[in-house]
Structures are given as C-alpha cells and as structure tokens.
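To keep things simple, chains are lettered A, B, C and D as they appear, and every chain counts its residues starting from 1.
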C-alpha cells in the first residue's frame, strides 16, 4: 500500500501493465436492499492480489437496455476475495451508467480498468480503527474491515442510515470481527451531536488510533475537529467526476490544504483516499 | 511487412498514431509500453503556474464528452526538470504543446522549450488571445499569421500549429499558419459546446461551457483536415473523434499524414495500441506496402474549390 | 393545466415546438394531425427552380447524420400557388424559409412571400453569399447585418434569422442580425462536416461535404442559443439535435423561447407529438403553470462576459 | 393501388394516420441461404390490408449487439399475409442496420413505419406478367407473384443468381402458380444475351403484357430495349439512400426522363416503383 511516485522517476521507463484493463464475467448482480445493488465479478488472482481497500475500478458500462453511457464510471472496490476469485462492487442506480450496470446478468462481460488510486493507509501502530460510514460510502469503507481483520487490528464501524432497514453491511462488519454501532435518522441517533458523543466515548474508553470516513461534508468537519482535539490521524475517501481515471486529464481535482497552501489534487491519482486534515469541506 | 513510418516535415515517426495533447501523460506508461507510439505529445504547458477551471470539468453528451479543464500548468520549469527527462528514456520523439495569452508570452515559452530532447513544438493557437478580443488566435487568419511568424523566429524546431474548429475560415487560417511558418497543422482542437442539467438548471460544467471531443467531433475534424490538406502544402495531423483503425484511414485518405487520438484513450486506455495493430493488419491484408501510399487518396473528382473550401452548410 | 403558449416577437404559438426547415412538409400530415404543432416551417425556397445536389445526399455518422440536399426548389410560384394554400387549412401559423445567393435575390423573394397566410419569414442566412467569397452570410457580422437590413425594408412580417454554427463569432453575428432588424433568431443550422467510405475511398456524400445534424449537434447549438440569448434582446428559437422533452427544456433553460425539431422526425415521425405531450406532462408534474416560466432560468452565477461570449475551447 | 396525390390537395386537411408507425413482434428471423435472412413480424390486419407489392417499410433497426444504427433503413415488403397476420422482409446483411436486424430473435420488438411508397401497377388488361429478378431484388418482386395470383394473372419469373444454390424464392414463385426460368452465372445462362433470348421467346410464344424488374442497370437497359421494340410497358423498383422515407427531405431523388425533360423524383414518394421507360440507367 505504499504510495506510488507521481510523476514516476525521471529517466526510468515504467513497468507497463501495472494497471489491468480486461473483460470480467459477471457472477451475480443482485439487490442488497431497495436502493443498492451488489455486482460480483469473476476475477483472476493476480488482479485480486493487487486490490487494496479504498481503491477503485473504472468500469466500461455496457450499451444495453437502451442506455448508451460513454465515459467509464468509477466504482470503489466493495470486496475482493482471492479465495473465491471474486471482485465485488456496491452501487446505487443514478444515471445512464449505473442503469446499464443494472441490466447485467450472470455470464455477461464487463470491462474493468484497475485497481486504481491509492487505498487507505493503516500504519503499523494503528491498533484501533474507527470508521464512520453512510449510504454508498459503505461500499468504499467495507473492505477496510477485511484488511483490518487480516492485519489483526480492532475496528469499530459506526454505520449511519435513514432507517434501520436500509442499514447495509452490518453483518459483513460483524463477520469481520468489527464492533458495530448503528445510528439512524429515524431514531435521531445519526445527528452529529450524537455521533460525536459516541466517538468521544470510544476515544475515552478504548483509545482510537485512526479515523476513516467517506463522502459526507458534516462527517468530515466532525472528524477533523475530533482529530485535532485528540491528535488522531484520519483518512477520507472523496469523489469527483472522472474521465480517464489514470491521472492524465486533470478533470477530477479537488482542493486540499497542504502546508498552509491550497493545492489541487487529482482524486483518481493522489486519492481517492486523502489525509482528513488536508481535505477541505465543500 | 507494412512500412508504417511517416514523415512530418522532416521528423520521422515510426507510425502515424500519437496521443492528443491533454489526453496523455506519464501515467499511461503504467498501462502499456508507450515506446510503441508514433510520438509523445504533452498536455499544453504555459510559462507560469495555472490552476485550471472550476469543477466539474467534464461531462458526457450523447456518446461524446465536454471538458473545461482549462490549462492547469506546473509551468515551464517543471517541464524542463521533470517532464522532458521522463520522456528521454524513450526513443519516441517528444512533442511539447505550448500556449500563451499573448504573442510575447508564446514567443518566450517557445524559446524556452527549444531544448535537447524536444523534437517538435505544437502550438495550441486555440487558446484565447487576450490582446485582441479574447477570441482564440486561430479563429482569424490575421492573428494566426502574427503569432506563428513570431514563433518561427523563436525556434529552429519544427512548429505544428493546432487549429480550432470554432471558425468559419478554416482554409484561410490554415494558409495563414503555413505562411507564418508552421511546418505542420494539427486539425483540430475541441469545439465550444454546452450542456445543462435540467433538474438543477445548472450548466454541467463548472466553467459554463467546454470543448466537445470524441466521436461527435469526427465528421467536423475530418472536413477540416481535408480542407487544410487542400489549402496548404504542409503535412496535416488529423485529430478528433478517432477511435478505430478505420477512423485513422478516413483521415489519411482525406489527406492527413498522421493522426492524434484523444478521448478514445479515456474509454479504452490501450486504444492507440489496438489502433496501430489493426491499421497494420488491415493495410497488410489489402496489400498496401507503406501507409504513406494511403495519404490523400480520396477520390474527390477534382471538385471545384468553391465546394472544397466552402464554409456554408449546403 | 400548463399554459404551453409562447410569444415570438408578437406571434403567439400554442406551444414552443415546431419543425426545422427541410425536415417537414405536407406529407407529414399523413402521419399525424399537424395542427398540434407550434408552427409550420417550410423547406427553404428560392425564387428560381433549383435541382439540388448530386446523390447520395445523406449518410449516417455515429448516431447523427450528414446531408447535402442543397436547396432543391420549385420556386416562389409553386410556394404561392400550392404550398401556402395547403397550409391555409390549418390555424397553426405558417413560417416560410427563404434563401438567396445575393442580397438582391433575397430581398425580392422576401417581398414576394409577404402574403396573407404567411405569419413569419425565416431567413436562411446560412447559405453562401456569392457576391462575397461564397461564405455564408451568417459567418460574418457585416454580411449578416447587410442582408438583414435589406430584408427589413422588404417586408412587414416578422423576420427570423437562422444562424450558422460555422463561425467563430456567434454573439457578434447575433447582434448584427438584431441590429439589422431580425425579430427572432433561429439557432442553428447544420455544421459543415464530411465522411469518407474507406473501402471505396469516396466521400459518402455526392457533394463531398454536408451539414451535420442530430444529437451530435446538440451541445454546440445549445451553446450558441445560450450565447445569442445573452447577446441580444430578441427571442431565440433553439434548433439542433432535439429529440426529447428534456432536450427542449435544456434549450428553454438556456434562454430559448421555442425550439425546432429536425432530424428526430426522420427517426420517429411522431417525435414532435410525443415531445409536446412529454413536455406538458413534465411541467405539470413539476408544478410549473406556464412554459414561459422556464425560459432563461439557467443558474449561471452571473458569469463574466468573457466566459459567456468566448469562442475558444477552454 | 391508386397513386396518391403528391402534394396533397390544397386547402384540404389530410386524414392523419394514413401511415403506421408501430412496434411489431418478431415471429422469426432465419437464414434463407448463405446470404439472405427472412424476418417475419406479427402485424395487425389493418396494416397488412394496406400493403401492396413494391411498397416498403422504414425500419428502426435496434441498438443491439454493439451496433448503433441511427437512421431508419428501407426494406421492401417481401410478403404480407393477412391470413396468418404476418409481414415478411428478406434482407442481406450489409452494414450496421442489417447487422442489428440479424440480432433480432422471436419475441423481440421492431419499430416499423409504413407501408410507404407506390407499389407495382397491374393494369386490368395485363394478363401475362414477366418479372426478372436477381439477388435481393427478389425481395421486392416476390409479392408481385402473390398479387398476380390473387388477381388471376399469369406470371413468368426469370430468376438470376451466381449459383443455382443461391437461387431463392423459386419454390415460392412455383407455389404462387408462376412459371419459373432460372439463369445462373455458373452455367452462363444469366448473360444479357441469353436472357434477351428467353424473353423474346416468351413474347413470341405467349405474348407479354408487362415487364417488372428491380435494381440492375443491365436489366433496365435490356427491358427498355425490349419494351420499346414490342411496345410492352414495364415497371422498375429502384433504390436510393433514404432519411425520412416520407417525402420530406428530398435526399432519395433519382433522375427520370418525363416528356423529354430530365426530372428528379423521390424514390420514397414517387417510387420506389417507376415506369421503366422513364428510368435512367446509372
């Protein structure tokens, strides 16, 4: 999970084919609940072994069912299972691209490019990890539980949703040995004040070594505050419209504060995972 | 064995397929061995640091795309210290694309990038000329001529002028570039366009408008390439919507000596590799011994110049 | 009930959807009751008989089409004796599209078609001006102004100037048309393009080049419609690649007061009927009481005019 | 089969919906031989009753199997069977549109517009009809046999092909009670000289009241000559690139000689069937 140099070292040719572009076979494509679909693809071992939590694939959504998506669509790795040879995505149907994905069935082919971007850091001395996830953010954060277990770290997952019945991946997190805290809008527990209380308790009782989150502006602000207050590092996965997915087109930039200066970084290349203190609320 | 090499104003390319500026960078070397390309063309650089346009910078339109990246640039220093040395590991010729807001800026940058390791300079005259009314240099023959003749004095490297489709005077602009000293023409850049999200009523691009690229642009760029080949005696490099070997042939037949592939690489990062292989395969099957035999072979029955150079929709 | 009516310089249309010139004729009345349209727009007519361009006159390009029909015309007599009387059976306003090779020809024709039963005259200034260098009148502000001010004197009917996308000066041309006396602008005609059959090495059109229409044109025409709405105070009629109610909304939001549907009718002859129904349904679901409320509602955050009127690919 | 007025009468509103545009269900889509496919659609009676031999439909070929045809494609009516409720087309795979048609299977939908154009004339006193067909021209001429039988006329079909094994529709013509003469390139019988001889014999032995053909320049020249020589009228079905199919766009014109003057007529509207003497070789 070491950061790659960007741009690569001058004067040295890069090893080609560091990134895979290939057609994978669809194993299944089923609803997880009313809003999300899980897509499972058969993938070769050498590809799965390169996957890291937080990375993404750039999917060439098919021209199918009247949909004609053109650009590729980025999707976080939801699960990678070298044991079963499967690569999973979790997606929400939004527009032409995801509607096209929805039409895929077992046996169909899907062209994927990846794994791309930089995944989540888990430093050697980070023992207790806390992730806060909501909605499709779970897709991005779920595989972190897998990596935490593989490295013997303790993980607490705070899962937020509108209703208890759209809470996803809770069983998945429990299977990975994580402690799960669920908060919902329905019972008012998902408010920032409540979540702040939950985290403060965690910090106090067990100590927290790193925060992880994804996508939500309010959560970013909360975790930045808590991180500064307790000196806890953190990481956030961010999104931006993409074209190339490889770092060539510079369309996917977002602003970050580095050493007091505002810089534009590419989500596909310097991200999609960034230092939580450098990220800027939007 | 098909001879795939072409000659662009004295610069020999091993094949006629190269990337379009702004759709290629060092990162693509992670996907395939970029030595196989006819040339390496950098993203346009400016002298100074520039941060580019607001996001979203891209959107999709019916089988093509719009972009308003702007020209984020790390400046000429970065190019000389990092970019040029990176590409020096390859034998493939390096073409640096440059841009400036004024003729002075253009001229200075042109001289600065005229260094060892750079094989040609692509002049992005599709950028706004802030000394006049902000229209791109290449919208008018006069501003095209002026900037090209300034650049001609600033370098001994081959100069490729990259034209814009946002003009009603393609043949005149092409001739002005030639007269100003261009050694080749790249035809063309993106076409100004717009898209609105009807739910939010906001433009889909942060910058309001952007450039159309991809398949929708192909018939327009092809027409321009044909007109430029007829209007000048310098080599034409076709660019716009090329994604297959058949598209390349269309441009070569129209009179282009080489082509650039842009947006197609976003859809399929190995597009250029497949195109080169397919092109060679097809020429070989058709018994063509050199790709150069194809250039300009369109059967146009000696159309009168009123038709060739027309700028009216018929 | 949504009020679907719009006002184009004093001419009230029952809804904002009408056919584009050259893609509509009496024959469509066999497919649906054409009374339901906002207006009837004829194919461009010329004073004299003209036979049009060599075949093939159309070809397909990646989800859009090229045409080089030319302007085959049965002349003004035929229009007055057959076409106008045919449409007199409908209450829908009749718009006659006219063209001329010279300003004189244009002026004479304009006077001749200013008869009872004609509600407005659409001036196809996208045709070549043979007195200058053969470029379309609407490529330059000067020739646009000149022809429009001649026509302004020749008729009291509303004049709609139909602009061409083959220009780098859209806002200037729009203002020139307004100053010359245009009551509305139709934005836009087809964009000059080309396609070659790589097997035969022949152009796919008998006339070598032709005009691009259909979905590929939409983002370009939308940008022009937006620019024209910002540049002038007269109503804009959007045209280019419209095939759904969402496309219509995109143009209305950008600032168009009405739209024309062309190529989509070839794909689906009842396209305009469905678009009108869908548009009304969508506005009604969104609680909009009049389609006029949508016009020009794009949230463009008061962009500086350098961006709005730019003619450079960013 | 009366000619419609074009343009329609001034001042009279046309009855709308004279032309049908609708989705029909595919019944079958099978190869006829190595080169041609027969597509059968389920069609309503009121549509089939309007069909005439020589007319065509404008097909909205689907976006399917990687093909993205855009404009409609004209196809002659190969058969219309009110009895079974079927509409047939015979097509040769040429480009994107026909490749897309090839992908259709039973149960799929196809949007058709038609019937369009003017069909073949069969005047009351035309008793012996002779048609000369080759290749896909058979698609256009085949239903003439059906009409001839329905009206009790005698029909001789001269069928030309490269090899005997690609001769199509021969059984079809025989079933319709036609006399069939087959000529092939393989045995040299398809030469114009030979066909001329065949026709001369027919004229001499049985009398011929009308010629019908389709598409071939050489055949046009031959039948024009024979027609002039013996005063026999004839009709030819012609093709041209089409966009609207309805008469609006004027892209489908071809030149004809009428009263000594060269005129441009629209294949979709004034055709696709034209007077053989007015047609011009190309």
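Here is the rule we use: a residue touches a chain if its C-beta (ideal position, glycine included) is under 8 Å from a C-beta of that chain, and two chains touch if they have at least 3 such contacts.
What you see is a predicted model; the values in this text were computed from it and never measured.
A.B. asks: Suppose each chain is reduced to the average of its Cα coordinates; what separation in Å results between chain A and chain C?
C.D. replies: Between these chains, centre-to-centre, one finds 48 Å.
A.B. asks: Between chain C and chain D, tell me the centre distance in angstrom, where each centre is the average of that chain's C-alpha atoms.
C.D. replies: Measuring from centre to centre gives 36 Å for this pair.
A.B. asks: Counting only residues that touch at least two other chains, what does the list for chain C look like?
C.D. replies: In chain C, 62-64, 69 touch at least two other chains.
A.B. asks: Quick check: what residues of chain A touch more than one other chain, meaning two or more?
C.D. replies: Where chain A meets two or more other chains at a single residue, that happens at 68.
A.B. asks: Quick check of your reading of the touch definition: is the inter-chain graph here a line, ring, star, complete or other?
C.D. replies: ring
A.B. asks: Please give all chain pairs that are in touch with each other.
C.D. replies: A-B, A-D, B-C, C-D
A.B. asks: Quick one: which bits of chain D touch chain C in the complex? Just the residue numbers, please.
C.D. replies: That would be residues 6-19, 21, 60, 68-72, 96, 113, 240-254, 264, 269 of chain D.
A.B. asks: Taking the complex as given, what residues does chain B use to touch chain C?
C.D. replies: Going through chain B, the ones touching chain C are 53, 61-64, 66-70, 126-128, 134-136, 139-140, 164, 166-169, 189-196, 198, 200-203, 207-212, 215-216, 218-220, 222-223, 226, 241, 246, 249-250, 253-254, 297-300, 303, 306-314.
A.B. asks: Could you pull out which chain C residues touch chain D in their complex?
C.D. replies: Contact set of chain C toward chain D: 22-35, 43, 51-52, 55-60, 62-65, 67, 69, 72, 82-83, 85-86, 88-90, 214, 263, 265-270.
A.B. asks: Give the list of chain A residues in touch with chain D in this complex.
C.D. replies: It is residues 63, 66, 68 of chain A that touch chain D.
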